[in-house]
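Each of the next two complexes has chain A plus one other chain: chain B in the first, chain C in the second.
After this line comes the complex of A and B, so read on.
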């Protein structure tokens, strides 16, 4: 028998793949397999108890005519656009501020990161109390003389903004950390060179920091979009999609159809449409934001 | 036959006997699941199962409470054939289980037991009957009652509610009890309204309204229903009824417990909450008022059911027979605030000095199950949206119900 002799490089490659195996097994079972299974299920009517019945494209046909799906799509878009814009800007701002030599820097960094390690169920519950008619938000509004008799989570206009506020608040910390890490990587020399050319304050941010952070801004906004399109916990805990479907997002609609109405096939078809939309958006975003920068 | 052979034969025989005995003595293990409603309820369930095991040495019961997402988990387990041998099913979604053949019919077991289906209250048992077959036995009972804050009633000089109250008495009391002259935080209202249809459909029944016809068609656009729905939602428009969130509470019982509303329409499940969370509150409970057509109420219950996939149907039935049996129900009702599902036990001396429990039990006789056909959950969701559309969205009662009708009739094709 001939023993197999591997070169060092081959050995490294083998070790690498071996180390990746556990991840790929889990990824295969819980992602690849599930996703493909969902695709096949989306062509069936399946209520868990009776074996699936093939119905072709009927689920998709129903979906495109379903007014609730249109509403859920619109809500998801509004939610995603506002959360991603707000959370990216605020996270960047906080990161830039906390990158200065200021007093209590580590405290603030930890404090802003707290929401990222707090379970979103807890956040959602506490916020839903704060949004009551007698709650903190209305109290603050009353202090500055704004209309303050809003029952946020039962108000068709205010419910989605309320959910957006919670989404932004709980995500800012995570993205701030990513921006902070990226800020550390910008060489001092670039700033020094710019300062020699007479650039100050805002211009440094505008012409040095933001362009050099572009790859990380792309990453943060793509991750943000993907997360925002799938928003679920806040909706589930705070509004259950109400009032009057004002906060029904696509992922919440998937949940109610699958697990409350026992319509696994229909839910799968919604899930697939959502996945395609997210994929498309991420692609467009990369095209727009991900151009190479040379300095 | 030599001595040797005899000895060998004896040994073999002994061995066979030992193996045989140990096999037959090995207890059957079954599993039971329910949602977890707190440590007291779990402890109570464990105590019942211990007692059952003592009576049935051949059966071991494993209790697997499911803390969250009960329905989701049960569905997944049923699909994977790993469902527990006995589990809870809420009346509101039992048709989805019964109509698809996921459950074992219990009729033959009931026939061969000491039990009789008639021993259970009709409105409770009805929730678990499909095509004439019984798919579960009701665990306990609940109906809606009017909880009233005695201090607020006294302060406003209003007579306490009683079983003979009419809609007018109810509305007039709510009007007198509404006090909105001060700061918003000090305002008190006559009544807290629940958004969930389970809380308000009873009033539609009191006017002769119904959700479905006998053959399962949507009936909530009939004039009796619409009229009652308008009356009920008008309580909000007139400012004498509020939503829990209007007074800074997430549930009706909390709005009531915090003394912000004089009355709440809630089920018997609010009794323990009021005792434990609001011990200083001075309250009582009365039957729902009578509507123009008469009495009406909604029965809330949960069954013990057996999935078709079980490997131990006999042991599972034994457990259900024990849990829903009279002896066990007596033990449960005397140990807490659970109400029995057997009509004979409604008169149990334990309730003699508990007017609030009596009010809940009285409702069982004229209640209908909280269940609306195989589209039960979708109907409940759309009716809640209709309520929101009127109360929050300012639609008329007719238009809101018509919208719900349109959405549902398209889905129920």
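After this line comes the complex of A and C, so read on.
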């Protein structure tokens, strides 16, 4: 009896390792080796055609003096902060709206998710067209009496806000669904108790809903920041980083350095700085937003 | 008071619907307008004359559009199948089996989700270059099938299934591989569907990957092809919009068919 049991246990261990082998082979190559390679690459000068030259911290030094990198970092901050703030608030608002007893709820839920299933290339092309001086966007602005003679994507001041609008528009649906799922998990009894205590409308939202949603608000904003810091397709298609680098983001700069100028080492060093910034940002967010909730 | 509140709610919902659908509707209508009407002032939602000219043009001037669609379908199918195999195998090991180092490997995998894709861009390109995989789908499929998030999802799902079933099977002398195949796998259909949807979407939407790895026009995916097509017909916006609408047929159709699983996937990703 004993020997059979032992062999079952051995079989369990063996099966475990066998099942994980395919994934961890890829993990070894595309994660472990790649991370090490990316780190070492950032200390080298490498243009693909001649073998890498070790240059120590030169790439990082250049980076800190590079005015384009400063500009890209500033653009990325502005883009990320505005996109994440706007999309989180709007998504929460829509989720609260849809969490009531309204007619056609599942239709609206699906409808608002539509941008999230549309490839960002398609979204970027649609908006490139709408942002023309005589395009649909300006027309809508003129309908509500706002200035409408802006060539959005070719205007140094307007291009970044235009890209932010696209980011918010395409992300809201996804986060709205996450909020909605969390809202449905809040027990009705919590609201009933609060209503008995005389809380109404806005106060319910402020003192019950938002505090209870805190974990999911953290998650949505952390995911939002991670996504926003890496925005690429919209920039590539709509503005190519222009006009006058007004929309050059860090990830766009990584791409151009690596694949247009073949500066693999420099691109890697930018990527590491970006990774640290993303990491730092999400840590700070967690600190600010995360608290234990009991109910 | 109550009815006033509901009026405000419906007004807001309607406004959001307009903002969400507006761009799609204008694009759709313009794709059926004559090319000269791509920039009307004021823009009209309903075309004066309906024409299929743009769609015909898309397929005539760019013989590759069908090819690109086929490429995207093949690529997405490969990524979906591969990811299902990888994620269910790894999920099974993490959730149902006990072996030394399991928790360490699980945490290692979870930790890898924190590495931004940008860091891996250069090394992945260099690996593909050394393997001779540039301009081939292997460069998109092989990294695409390993998904830490997918494994995490599968593990969580499998943990929720009671252990009784496989204990009974074990007593009957069933091997672990057979338990996986005959007991566990049939129970994972909902999680598989969600995973498949995620894999399909990420493959179909991917732009940066094809942009970096694919060079030959006939190998392009639909997203990359659309960008290429735009470069060829810079000022022909009604052609470009028709192409954009065409590229969106597949994702929208998949979404409408499998809506349930999209919602489920979002719910699960909120559990993290």
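Following the convention adopted for this analysis, the second predicted complex is superposed on the first by the 262 of 295 C-alpha atoms of A that agree within 3 Å, B and C clash if a C-alpha of one lies under 4 Å from a C-alpha of the other, contacts with A are read in each partner's own complex, and residues count from 1 in each chain.
Criterion: a residue touches a chain if its C-beta (ideal position, glycine included) is under 8 Å from a C-beta of that chain, and two chains touch if they have at least 3 such contacts.
Everything quoted here is computed from the prediction, not taken from an experiment.
Q: Would chain B and chain C fit next to each other on chain A once aligned, or clash?
A: clash
Q: Kindly classify A:55 by the partners it touches after superposition: chain B alone (first), chain C alone (second), both, or neither?
A: After superposing on A, A:55 lies clear of both chain B and chain C.
Q: Contact-wise, after the overlay, does A:102 reach chain B, chain C, both or neither (first, second, both, neither)?
A: A:102 contacts chain C only, not chain B.
Q: Once the shared chain is lined up, is A:244 touching chain B (first), chain C (second), both, or neither of them?
A: Once the two structures are laid over each other on A, A:244 reaches chain B alone.
Q: Pick one for A:194: touches chain B only (first), chain C only (second), both, or neither.
A: neither
Q: Regarding the shared-chain residue A:259, is it in contact with chain B (first), chain C (second), both, or neither?
A: both
Q: Among the partners chain B and chain C, which is in contact with a greater number of residues of chain A?
A: Comparing chain B with chain C, the partner touching more chain A residues is C.
Q: Mind working out whether A:205 is in touch with chain B, chain C, both or neither, as first, second, both or neither?
A: neither
Q: Once chain A of both complexes is superposed, is A:132 in touch with chain B (first), chain C (second), both, or neither?
A: A:132 contacts both chain B and chain C.
Q: Which partner does A:274 reach: the first (chain B), the second (chain C), both, or neither?
A: second
Q: Does the superposition put A:183 against chain B (first), chain C (second), both, or neither?
A: neither
Q: Overlap of the chain B and chain C footprints on chain A, residue-wise?
A: 48, 129, 132, 134-135, 259
Q: Which residues of chain B touch chain A once you look at their complex with the stated criterion?
A: Residues of chain B touching chain A: 69, 71-72, 75-76, 78-79, 96-97, 100-102, 184-185, 243, 245-250, 377-378, 381, 384-385, 388-389, 392-393, 407.
Q: So in the complex, the part of chain C that touches chain A is made up of which residues?
A: Going by the criterion above, the answer is residues 5-6, 9-10, 12-13, 16-17, 19-24, 26-27, 30, 38-39, 41-43, 85-86, 89-90, 92-94, 97-100, 102, 105, 108-109, 112, 114-127, 129, 142-143, 145-146, 151, 170, 175-177, 180, 201, 204-205, 207-208, 211-212, 222-224, 226-227, 230, 237, 240-241, 244, 247-248, 251-252, 254-256, 259, 262-263, 266-267, 269-270, 272.
Q: Mind pulling up the chain A residues that touch chain B in the complex?
A: Residue list for chain A touching chain B: 47-50, 68, 128-129, 132-135, 149, 151, 153-156, 242-245, 256, 259-262.
Q: Please give the residue numbers of chain A that touch chain C in the complex, ascending.
A: 8, 11-13, 15-17, 19-20, 22-24, 26-27, 29-31, 33-35, 37-38, 41, 48, 94, 97-98, 100, 102, 108-115, 117-123, 125-127, 129-130, 132, 134-136, 139-140, 169, 173-174, 177-178, 181-182, 201, 216, 219, 226, 229-230, 232-233, 236-237, 250-251, 254-255, 258-259, 264, 267-268, 271-272, 274-275, 278-279
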